[in-house]
Structure formats: C-alpha cells, structure tokens
Amino acid sequence: MALNEALILAILASSLVPGLIIFVLAESRIRLRTTLNLFGAVAKLILVGVLLAGVSAGEIYGFRHTVLPGLDLVVKADALALLFATLSAVLWLFTTLYAIGYLEGSPHRSRFFGFFSLCVTATMGIAMAGNLFTFFVFYELLTLATYPLVVHRGTPQAMRGGTVYLAYTLGGGALLLTGIVWLHGLTGSVDFAHGGYLSALGPDYGGQLQFVFLLLIAGVGVKAALVPLHGWLPQAMVAPAPVSALLHAVAVVKAGAFGVERIVYEVYGVEFAQSLDLLTPLAAVAAVTIVWGSFRALFQNDLKKRLAYSTVSQVSYIVLGTALFGPVGTVGGLVHLVHQGIMKITLFFCAGNYAETLGVHKVSELDGAGRRMPLTTLAFSIAALGMMGAPLTAGAVSKAWLLDGAAEAGMHWAGWVLWTSSVLNAAYFLPILWRAWARPAPAVWPEERVPARGRIETLWLLLLPPLATAIMTIAAAVFADSAWSPLAWARLIAAREYSGAMP
Amino acid sequence: MIPLLKRAAVILAAASFAGALVFAMLDLPAPGVHLPAAVEANMAASGVAHPVTAVLLNFRGYDTLLEVGVLLLALLGVLAVGARATPPAPAPGEPVKRMFARLAAPLMVLVAVYLLWAGAIQPGGAFQAGAVLGAAAVLLHLTGILPGWGAPGLRLRAGLAAGFLIFLVVAGALLAQGAVLAYPPAQAGRLILLIEAGLTVSLGLILAGLFLALSRDSGDEA
Amino acid sequence: MSTSLAFDLLLAAALLWSAWRTLATPDIFRAAILFIVFGLLLTLAWARLAAPDIALAEAAIGAGLTGALLLDAVGALRARRDSAL
Amino acid sequence: MTGLELSVALFLLANLVAALIAAERGPTAADRMLTALLFGSTGVGVLVLLAAAMRLPSLVDVALTLALLAAIAGIAFARRAWRGISGD
Amino acid sequence: MIEFASAALLFIGAFFYFAGTVGLLRFPDIYTRLHALAKADNLGLGFVLAGLALRAETLAAALKLLLIWPLALAASAAVTYAIAQRAETLGIAPWRGEEEP
Amino acid sequence: MSGGMIFAGAGAVLFTMGLVGVVLIGPLLRRILAFNVMGSGAFLVLVGLAQRDGGADPVPQAMVLTGIVVAVASTALALALARRLHRLTGRTTLSATDDD
Amino acid sequence: MTDPIAWLILLPLFWATAAFLLGPGRGARLAIAALLAQCGLALQLAADVIDGGARTHAVGGWGAPLGIDLAVGGLSALMLVLTQAIALPLAVYARAYFADGAPAVRYFWTLTGFLLAGLNALFLAADLFNLYVTLELVGLAAVGLVAAGGSARQVAAALRYLFAALVGSVMYLLGVALIYGAHGTVSLQTLAPLVDARAPAAVWIACGLMLAGLMLKTAIFPFHYWLPPAHGGAPAPVSALLSALVVKASFYLILRLSLEVFAPLAATAATALGLLGAAAIAWGSWQALRTVHIKMLVAWSTVAQLGYLFLVFPLLAPDGLALQAGVMQAIAHGLAKAAMFAAVGVLMLATGRDTLEGLAGVAGRMPLTLFAFGLAGVTLMGLPPSGGFLAKWLLIEAALTHGQWGWVAVVIAGGLLAAAYVFRVLRQAFLLAPADSPFHPVPRSMEWTAFVLATASMLLGLQGVELMSLLAAGS
Amino acid sequence: MTIRNLPLGAFLVRGLAFALLWWVLADGRTDAWGLGAVGAVAAAAASLRLLPPVRRRIGIAALVRFLAFFLWNSLRGGLQVAVMALRRRPGLRPAILEISLALPPGAPRLLLVNAITLMPGSLGARLSDDGRLRVHVLDARLPVAAELRALEVHIARLFGVARGGAS
C-alpha cells in the first residue's frame, strides 16, 4: 500500500480505532478513555495538516476498494474535502475536550465516546468520499452513529427526539439512495470530478437528471435542514450539548450542506446545473429556509431551540452560496461552511455551559448571566455578533462574499434575503445579549451545579473550548487575507471549479 | 364453522384443479427418456436381480441413504416429545392374545428374513422386512409382552443407528475410492446385502420405536 | 369392457369413495378405520399396478404400523376428552 | 383360466364395496372395525387371486404378510381405541 | 379335472365370502357379526387358497398358499376373541330381538 | 385407457381431496389423515403415469417406496406432536390464536 | 479425502449419528470440530469452482439420468459456504446456550447434524426426486428442533410447521411425478433441454405445483403463517438456524429451478412472485411493528425479509443484477438473522423476559450484544456498509435499468419499515432500566458469537466482489 | 436365556420347523439356504424366548384326528353362518353361555378358546383365570354346549392331558 493510501486511511482510522477500543472499555477506565480520545483527535489534526500541505503542493491522496463489480469505495483528499475535513478535525478536538468535561460523572460514557468517535469517522468519510456511492455509505453511517448520541439520556423526550431524527434522516437517505443508484445506472461508477461528470450524458437525459437532482437534493436537504425538511433539528436539541455541537457544527448539518456542494459542483457541474435550470429553484429553497428559520427563531424561549432554528437559517447561506452561479457566490458558500461551524459551535458550547453550570435552559432565565459567567457570555456574544454579520467577525466575511456573489449572479433578491436575515438575526440574538449583560441576576439560579471559584466561573474544560472557537471567529476575519485562512482555501477551490477564472 | 360460500368455492376450485390435472395427464405424449431400458441394460452390473432393488440400493442408493436418515429423524422427533423418562411396566396381558403374539412373532421374524432375502431377486427388501419386524414388536407390545420405550439406552441406540451407520460407512469407504456408493460390480451384491441386513434390523427397531415410544398404557383397556 | 378394466375402475372408485368418507367424517375414530380400509384398497391398487414391492410395503406398514398408530392415537386423544366430560 | 381368477377377484372387490356401506352404517365403533377386518381377510383373497391372474407370484408374499399382520390393527383397536362411549 | 375342481373351489370360496359380507350387513349386533366374519370369511379364504393351490406349479408354491390359511385363521381367531372380550368387558349385551331389525 | 392411467387419475383426485382436507379440516388427527391421502395420491400419479403404457417401471416404484417410508415417518411424528399437544393443553386442533 | 462435494454430505451425517450414539445432549465438541472441517471443505469447494468452474459428482458412478448426480456451481458453492459459516458460530453459541441441560438439548446435536447434512445435500442435488428427499430431511430435522423443547407453544408451532412442510413437499412431489410422466427423467441436466415454452399442460401444472410447494416451505406471504410461531417459539440457536438457513434452502431451490430448468415457464409467474414479495414485506413489517415479544419481532422480520428475495424474480435478466441481489440478500440476511436471534437469545437469558418492555436498560448492561443486534439490524434495514445494503442497491439498480419503478418504491419502503421495527428494539434498550429488574450473567462466548456473525454481515458489504465472482464462476 | 441352559432339543425341533417353512416361503429354491439358516435360527430363538418349551408329547394320529374334526366343524360353522345370513329370516337367538373348562391352563385351554370361534354357532368371549369361559352363541336352541365338550375331548386327547376340573 502506497504511503498516500495509508495516510488517507489513517485519517479514518485515527477516530475509528480509538472509538472501537472505547466501546469495549469498562466504564471506570476514565483515564485511558480520555487519553485515547485526545490522542485520536490530535493525531487526526496532525494528519489533516499533513494532507493540507500535500494537497496544496499538488499531491494526490486516494484509496480505492471495489465492493461489487462496477462499484467502488473511493476515498480521496481534494481541496474541497480538506476544507470540510479540517473544519471537522479542529472542531472535533474542541468538542471532545468539552464533552469530557460535560459528561464527567455521568453514566455510559464508553458508549457515548465510542459513538462520538464513530460519528467523526463518518464525517471524515463524507468529506473525503470520492464518489456518490462512498458519500452515501458514510452519510448513512453518520445517521446511525448519531442516533445513540441523540437518545443518550434515555428519557422519553430524548427517545422522541431520536425517533423524529431517524424518521427524517432515514427517509432522506432513501431518496438519496434512489437518486444515486439511478445515476449509477446511467453512468456507471464515476468519481467526483471538477466541473461535474453528467454533462457528458447530453441533453436527452435532461428530464431524468432534473428529477434525480430533486431526489439527491431532497436526500441531503434533510440533513442540511432545508425547509420543509428541517423538522428534526429543533427536536434533536434534547441531546447533550456536545452532541448538539456535533449535529449543528461539526457533522450532520454540515454533511448535508457539503453534500449539496459536491452534487452541484462535482456531479452535475455548476454550469451544467445552470443549463438544466436547477440552480434558481435551489436558491429559492435556500432563501425560504433562511428567512423561515430566522423568523421561527424569534419566538423560541428555549435557548437551544432558538439556536437550532438559527442553524436552519444559517446553513442555507451555504446552500444559497452554492446556488449562486458564479465564483464569488461559491466562495461565499464555501467559506460560510467553515465560519458557520466555528460560530455555531461556540454558541452551543456556551448554551451547554449555562445549562450545566446554572441549570439555565431558557432565554428568559438568562438575566444577569453575563455577570455570573462573564467569559462564557463573552464568547457567546462574539459568536452571536458574528452570526449577525457584525464587522471583524467571520460572519461578516462570508456575508460580504455572499452579497457580492448574489450581485454577480444577477440575483439581487438574494441580497435582500440576506439582509432580511441579518435583521432577524439581530432581533433574536440582541435580546439575549441584553438580558445577559444588562439585567440583574436572580437571587437563585434554577439549578446551580458548579459553584464559582474565584475567576473560573465553571469547569475549565467547559470554558476553554468556547473561548478558543470565539477567538477563531475573530481570527478568521482578521486574517482572512492570509494564505492559510478558510477564505483563501475557499478561493482555491472555487478557482479550480471555475477553471481559473477567479477574481 | 367455515362459511358455506367459502367451502363451496374451495370445492369448486379443487374440482377444476383435479379436472385440469386429469386432462393434462391424458394429453401427455410418450416421454423422451426411457429409464426402464437403462435399468434393464445395467442390471448385470448392479449386483442384484430385482430391478426395484437395483434402483433402490444401487442406481438411486443415495436417495435411500438420505431417506433412512429421514426415518431416524422422525424417531428422534418422537423421542424428543413423546417418550417419558421411565417406561411403565407392561400391562398384565390377556393370555389368549398373548398366545397369538407368541406364535406369530417368530413367524414374522422368519418372514422378515425371507423378505430381506427375496429383495435380491424378486419384490421384497429391507423396507418391507423392517416393517414386518417392526410390526412384530408392535404386536408384542400390544399384547403386553414388550414394554414401551423410555429414553433408549446405548444398546438400543446402537441398534437404531446400526443400519444407517453401515450404509454410511460403505458410502464413505467407496467415496474414498472414487464416488459415493459406487460399488465395484463384483462386490455389489454382497455390499447391498450387508447394507440391507443392517437396514432391516434398524428399520425394524425404528418403526417399532415410532409406536413404542409413543404408546402409553393410559389408553389400555381397564 | 374387460374384466381387468372393470376391476381397475371399481377399485379406483372404491379408493376415492373411502378416501372421501375418511376426510368427510367428523368422527376421528371412524376416520381412522376408514383410513385403514383405504390403505388396504391401496395395497390392491399397487398390486394392480404390478408394483408388488410397494404393495408389500403398504401392506406391512398400513396394516401393521399405521393402523396401530392411528388407533392408539385415537384412544389417547379420546381418553382425555372422555375423562373431562 | 386367468380370466376366471380375475372375475372372482372382481366379485370379491364388489363384496368389499358393499361392505363399505357397513362401515358407513355402524352403528358402533366395533362394527366399523369389523369392516376393516373384512377388508383384511377379503384383501388376502383378492391378492392371491391377483397373483394368479397377473402371473405375479410375489403378490402371494403380499397376501401372506397381510394375513400375518392383519390382526395387529384389530388388537390395537380392542386394547387401545375402543372405549365404548355413546354410540361410538 | 384339476382345472374344474379348482374353479369349483374358487366359486365356493367366493360364495362364502359373499355370505360373510351379507352376514356382516344383516346381522344385528357386534357378536353376531363377529360370527359371520370369523367363520364365513375364513372359510372363503380357505377355499380360494385351496383352489389356487391345486393349480400351483410347484409343491412349495402350493404349500405357501396353504400356509396363509392357518395364519389367517389364527389372526382372525385372536382378533375375534379380542373384540368379543372387549365388548363383554364394556358390558354390551347380546341382541335380544326375535325379529330382524 | 390403461390401468396406469386410471390409477393416475384417481391419484390426482385423491391428491386434490387430501389438499382440500388439509386446508379445511381442523382436528389434527383428521388433518394428518388428509395429508396421507394427499401423499398416496401423489404416489399413485407417480407410478400410474409412468406406467400408462402398461410396462412396469422400477424407477418410480423405487421412488414411491422411498416416499412411503418418508410418509410413515412424518405421520408418526405428526401424531406424536398432536398427542403431546393434547396432553399439555387438552386441545385437538391448532387454534387460530396461539401464535403471538 | 477425495471429493469435498460428497464429504460435505457424509460428514454431518457421520457426526449426527455419532452424537446420537453418544447419548442425549452430548456431541457438542464433536459437532464443532466437524463443522470446522466442513468449513474447510466448503471453502476448498468454492476455490475449486472459481478455478475449474461448475462440476458434478456421479453418485454410484452411474451418472444421470439413471443414477443421481451431485452438482456444484457458483450459486451452490456460495450457499454451502454460507451454511457452514453460519453453523459453526451457532454451534459454539448453542454449546453455551444449552449448558444448563434444558430438555431441548437432548437431541439438538443429532438433529442439527441431520439438518446441515440435509441442507448441504439440497444445495448439491441435481435431481428432482433427490431434492424431494433432501427437502424432507431438512423439514423433519427443523420440525424436530422446534418441537424438542416440548412446551405447548413449541409443539403447536412445530405442528403448524410440520403441516406446511409436509404439504409443501407433497405438492412438490406431485410436480415431480408429472415431470417424470412427461419426460421420463428427473435429472435436472437431462430435463433442461427438454423443457420449453411449448411444454404440455402437465408440465406447466407440475411447475406450478412445485413452485407452490416450495413457496409454502419458504413461508412467502401468504404462506407465512407457520413461520413466526415456529421461529419465534424455538430456542434461540434453533431459531437462528431456521431463519438464517432453512427458509433460504427452498428459496434457493425456486431460484435454481427457475434458472436452470423451468426458465421458459418461470417468466410467466415472475410478476406475481414479486407482488407476493412486496406483500410479504408490508405484512411482515407491519406485524413486526405490532408484536410485543422480541423474538416474534425478529421472526416477523424474517417474513418481511424473505419478501425481498421474491422481488428478484420479476427482475431476473441476463445482466445478472437481480440474481446478484437475491444471492447477496440471502447471504446477508442469513448472517444478520443468525446474529439477531443469537443476540436476542442472550438478551432474553439475561433479562429473563421475552417482551420488548423487558429490554429496558440493556444498552448499558450488554452493550456488545446490543451492538451486535444493531449491526444485524443495519443489514436488515439495508444501510451501508452492510451486505443488505449491497443487495438493496443491486435490486434498485436492476429495477431502474429495466424501468420497473414500482419495485424501487417497495425496496425503499421495506428498508424504512425495517428501520422502524429494528429501532423499536434499540429504543427500548436505551431506556433507563427499572432499578429492581433482575439480571443474569450470560457466557461471554454467546455475546461474541452474536457479534462475530453481525460483523460478518457488515463486512460482507465490503467484500462483494469475491462473492460475485464465485457466483459467476458456476454459470 | 444363556447358552448353558439352552434347550437344545426344542431348539432343534423348532429350528427345523422354521427351516421347513423357509423352504416353503422360498419356493423351494436351494440357493437360499444361507439366509434361510439365519432366518430359521433367528425365528427359533425368538420363539424360544417367547414360548419357553414345555415337555409335551403330541401324537401324529391325535393331531390328524383333531385336524379332521376341526376342519369339518369349521366347514359346518361356515355353512351355518352362511345359511343364516342368506336366509330370509336369519332366525337368530343369541345368548351368552358360561361354561367351566375341564382343560388345564396353558396351551390346551388357549387352543380351545381359539378353536371355539371357528366352531358352529359359538364364539369365545372371555376366559377368566379360574377356567370359566363365556361363550357367545348364535342360536341358543342349538346344542352348542355339547359340541364344545366334544372339542374339549379332542384337545385333551391331542395334548395327552386329563380333563380335570368340574364339567
């Protein structure tokens, strides 16, 4: 096996193997489990770094295994794959740290971390899938691996949430499968390619291809929480906070959005998709989702639910960016994939901190939280401002590119959608900030579990991750023009997609 | 119980099926393959002189091997659900019937051996012989001479399995030299007789067991 | 109509009739006895088909074993019902 | 002369068919059992006749076996099955 | 001559069989029917066997035919006794009517 | 019409009768009898049809011999099961609701 | 040791008999040792077939049509490997399961030996009448295994099963009788060129009878009524054997006969078979969603999964997609269902309950077993990367390439329904256990066998090429 | 039964009888003696096991006389039943008689009970241990009892035993 093949498999193995070992570990072996978790996360990060360096140097990393005659499992690391893989690897490290702190002393941690690792393995697989078949394999694996996490608490509410989650995702998976098999029947086993590979089929298949596109987008749209397929996401917020982080930022929702990008850019090809009139409807759906999600978020008193609707809205920025024909929109969508992840994970970390430390679950209970937990609230504020698109945050960068992209594509209505959304974002985030910073704290918190000790407002394992991601939120904007920023990488990808015609 | 309409429908369907079947059979042309001729042509190499026995133990001996297995299986099933741990003592029988059994059973043994011998040249063979042996045991049991079965002991098990085992060993030994049950023509007659002798004993025991393991003296006369 | 044809037809008719009665009668006892009768007729049919081997097996098994098995079972199945009555 | 044997066999068979009516009529279980026994003894006769008529001597063996085993069902009936309950 | 005797014996046998069947059908109760079965049928069988034995080609074949008869007799006697005894035990009384049923 | 054909025809009817019996009859013992009738019908067809030209054919005869032994074995097993069921539950039929 | 073909039949017969001689309940170690050897034989045979293609073994040296031939091709070699591969772990499992000497074990090893011999013989048979005998061998062994426990429920189930099996084989036998009458032979090889679409009516009827009989044995809707009580009531190792292998045997037969001999006639019934398959999926899943007994749920799932096998028939085409799908489904379901019953057996022993409700909390206590159940469930749902997924993939692809859209919907819906009933169990397992629920320790070997089988059903999804090349080798 | 106390004489006699039967069964074929010997020995062994030999002497003359008597009366019995069955009015008057047997227990009594069934008008219905036999008769008006006594005499003579007990 060549080194390059080994390397790419090692990325998958770096979370799979620790996960499998953790499964069979006894509950009491905390230290070994923690070591394994962190070792896996760090190793993965290093490996991703190696790949990043390699890919930008033009190396090709791939692994191919034939499952059935004419059906290959292909894993490869291209620029787009690494964009997502890097995001996941980085965020996974923080989420793991956070989860170790969050779950301290709770039962069934072996199972939890086992599935947790499996989840990230699946996400890596999705990122590096080299064809639709492989994509689907990992996509469904992700569904399966997240279910036990969603229902981890074993309460009836969690069960209900899990059932809704399954119903949506498995249903979506079925549609996706149909579409993929259909394409496989038409073209045989073909790998993802820049500019897509379906245009070779010619115009005779136009109708079929439009229908297949519908199937595929509906399939990935469930995970991407496109309206009206978003129903599971608010339900799934019953899961523990690290899981929410995973769902909203690291893995699930991202996998859906990433799927949209793969399908548009590397299956159909953005130009062929445009010629089939597929992009405008997609943009319309994204627009509806953006507005509808923001609007619903306004009325949620449950903090995590408000964040969940916010995710519904924000993820469709990515889809919208993809649907905007033209390299600028593409960059906007791609970069938002990363930025949204960083920001949203911060928010969920913070929400988890409030809940875990003070027992605060509702927006109305947040009064004065900023004084009791200033660092957490600071991180929350940065991320929330980023979501609104405030300057000097990652959100501002992606919004700017998206707006430009809309203008470039001649879809000015999309710009209005973005503005509307920003206003709505402000409308549901600012009250939270105001309550947290400006209102007096209540005499007694609903359930204060972690007493304040000096300057450390809660467990440091809970505090460190949101602060780190909050800093990244700013860094992504401040250093946007550097060679290693997400933006730079997104531009690289867009350049390849549009064969060099890059602004 | 069953609605009349349903019953009528079933019967109507059955009648039309039977009718179709009969007409289809009447309509058949003569078959293209004529096996009796092939049997006839190979009789000399079969080791026996009776065509049915030749088919049963030589040409299609493999069927017979498996079929003895089926019989043994049925007995296992009966033993598994039917036999009690300890058989009840034989009921005190009635002398007149007992006398008949005592006279008839040895005759049945003789007839069984005769049928076994006859199989080589004329109708007869291990099945029929075994059935007669089994019937003798049933008769002895019914007249209170032979007790019913509990879980069979080692000797009985050995007897039950002997015929099948002999058959199997012959099959295996012949396979080691070529093909399953491919008798060398010179030894075919002797091997078949060996197999049939074993089968007669075992089949007799098995068939008897099917009755003796099930039979319960609760149903006996007061 | 030759004698042999008459014999065969009569035998076939008797076979069918006895089978029909075996199946149609609601009483297990009667059914068992009719089935024994059916078996004996079947023996004759095998004889008529020039299949003495089968006739022999049918006679030995039908008369010796199946009959006893069935009647024993009828007795056992009725014993319980009667004592329950 | 084979025709004669077959004719006698046919006659006996007709007898048996008539006896089937007895099996129908009953009324007691034992009466029906008698029909079965009648079939046994008549069957032996028919078989030996057929043996002669069809020139199949081995049918005599069948008859012999049948004669030898015919008693079993009857004894099983008397000892195991007949409980003399109401009519049947 | 032998042919003739044989045919006669067969006819006589058939007659007894017939009588046995008629008896089975007409006699009124279980005991009387047993009489018919045990006596007439066995006699019929005996005559048929004798008739065929006359015509047998070998002595052994004839003896084989004749061997069937004692076997059938013994079996028939045993069964008849068994059934009659059972009937007795069950308390079935013999038929008392003067007229045919 | 040869003897073989007559018995093959009778066998076909017997098979059908037995099949109907197995489907319609509830009491186990009678159902076992129905199965036996069905089997006998199939055996008759096997030999009768093969011998419809009159000549004896040892191959189907041997098959039927095998089949008869199998049928006896099955019958004994079925009776054993039926009796066991009766002993345990007092039932002589399979009720429609004993599954699940 | 000359020909693995025949040894695959004789060897299990030998150890079954030996186990019988050893006495009630004995013979476990012998069986496991012999099964190891059988695995080797089956693999060797598969290798032979890949190298040398299909071949036959003339029993008695006569050759068809006078004698009986044993034939092995890709399809049968696959089934043989599957059978031994499932039986071996299950034997290990059963040894631990029956360690307490329950009444069901008395003849378990003997019956299992005969069952395996029957299955192997069935897969190798190339003669219609010989197939009848092997069907009986398999049927009676299976019934004996179901009944061996001796409880009223088991006996009732066994009776139901026995009647279905017997009626099925008699129908099959009548078909054989008609075929023999029409063509004068029962050898598949000899028959194949004789049967064409202009066949006389009797051959058509024979074909129908054999098909109906085999369908009854396969328990395809609406002939499924006997399966759930039998598979749901038997001891876990028995249920596993029956669900994984026995019903597949008659399906295999239908497939083989319709491919090799009755192809000109089988096409007419294909759509009807597919519809029955669809009905089976719907009805089996629906019942699995309703039942409260965990084992009945698994048994009903077998009814549903068998439906997939019948979807193959309307899609059979020279491209071989549907055939591959059917074989893949049979193998994947075999492994998965064996794992599932094994896992359920462990769970029932551990909790002492047989209802879904009793499973509350097992996720925490028996994660390995539950994981095995989950993996097996993934195969049943047809989710990647399992063997079941490949089967469904191939089915959908076959349906789409032939433009028969309807079957796609059936396959998809079936997968979702399977997910619904599998997650009924998983959900329950994740619930918090009632504090006072009893819990009995279970031998680790049982948990691991379930896990191994489940993993195998999963890994199958990554190793389809080898299987398909073996499948192609014979035909 | 061990080899030591194997009653050799009885074994030989019975073995020979079975060998004769074998010869009859085998249609007088001579190539069958191998298995025939096995069969005869097996049958004789079974017979000895089931019916241990009792020292008894049966004269040929008595046997012939008994057989003649028996055959003649069977014929009469058959005819009588046939006539009754075919007559317009059967004229039955059934009854059950009980008679005390004069024969000693064992084979003689059992032979009597079996033979009665084939005698005219009578049918053995129950033999009790103390030697009383219930007999069903077709027509109570016929002299059945006397005929039974005659049969008893023949059997007693056949076995060479005295008719003891009450008559």
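Odds and ends about this structure:
Order of writing sets the chain letters: A, B, C, D, E, F, G and H. Residues in each chain are counted from 1.
Rule of thumb we're sticking to: a contact is a pair of C-beta atoms (placed from the backbone, for glycine too) under 8 Å apart; a residue touches a chain by one contact, two chains touch by 3 or more.
What you are looking at is a predicted structure, and each value in this text was computed from that prediction instead of being measured.
Greatest centre-to-centre distance from chain A is found for H, with centres as Cα means.
The interface holding more C-beta pairs in contact, when B-F is weighed against C-D, is C-D. Chain C and chain H have CA centres that are 31 Å apart. A straight line joining the Cα centres of chain D and chain F is 21 Å long. Averaged Cα coordinates give chain D a centre that lies 11 Å from the centre of chain E. Taking the mean of the C-alpha atoms as each chain's centre, chain A and chain B sit 72 Å apart. Residue positions of chain C touching 2 or more other chains, listed in rising order: 4, 32, 48, 50, 52-53, 55-57, 60-61, 63-65, 68-69, 72-76, 79. Annotation for chain F: residues touching 2 or more other chains are 8-9, 13, 15, 17-20, 43, 45, 49, 52, 56, 59, 61-63, 65-66, 68-70, 72-74, 76-77, 79, 81-84. The set of chain G residues that touch two or more partner chains comprises 129, 133, 136, 140, 143-144, 147, 150, 155, 158, 178, 180-181, 184. In the complex of the two chains, the chain C residues touching chain F come out as 4-5, 8-9, 12, 15-16, 19-20, 22-23, 28, 31-32, 35, 38, 42, 45-46, 48-51, 53-54, 57-58, 61, 65-66, 69-70, 73-74, 76-77, 80-81, 84.
Interface residues of chain G facing chain B in the complex, by the touch rule stated above, are 1-3, 6-7, 9-10, 13-14, 17, 20-21, 23-24, 57-62, 65-68, 70, 106-107, 110-111, 114, 117-118, 121, 129-130, 133-134, 136-137, 140-141, 143-144, 147-148, 150, 155, 158, 178, 180-185, 190, 194, 200-202, 204-205.
By the touch criterion stated above, chain B contacts chain C in their complex at residues 52, 115, 122-125, 127-128, 131-132, 134-135, 138-139, 142, 207, 210-211, 214-216, 218-219. Chain contact summary for the complex, chain D toward chain B: residues 57-58, 61-62, 64-65, 68-69, 71-72, 75-76, 78-81.
The residues of chain B lying in touch with chain G in their complex are 20-21, 23-25, 27-29, 31-35, 38-39, 42, 58-63, 66-67, 69-70, 72-74, 76-77, 79-81, 151, 154, 157-158, 160-161, 164-165, 168, 171-172, 175-176, 178-183.
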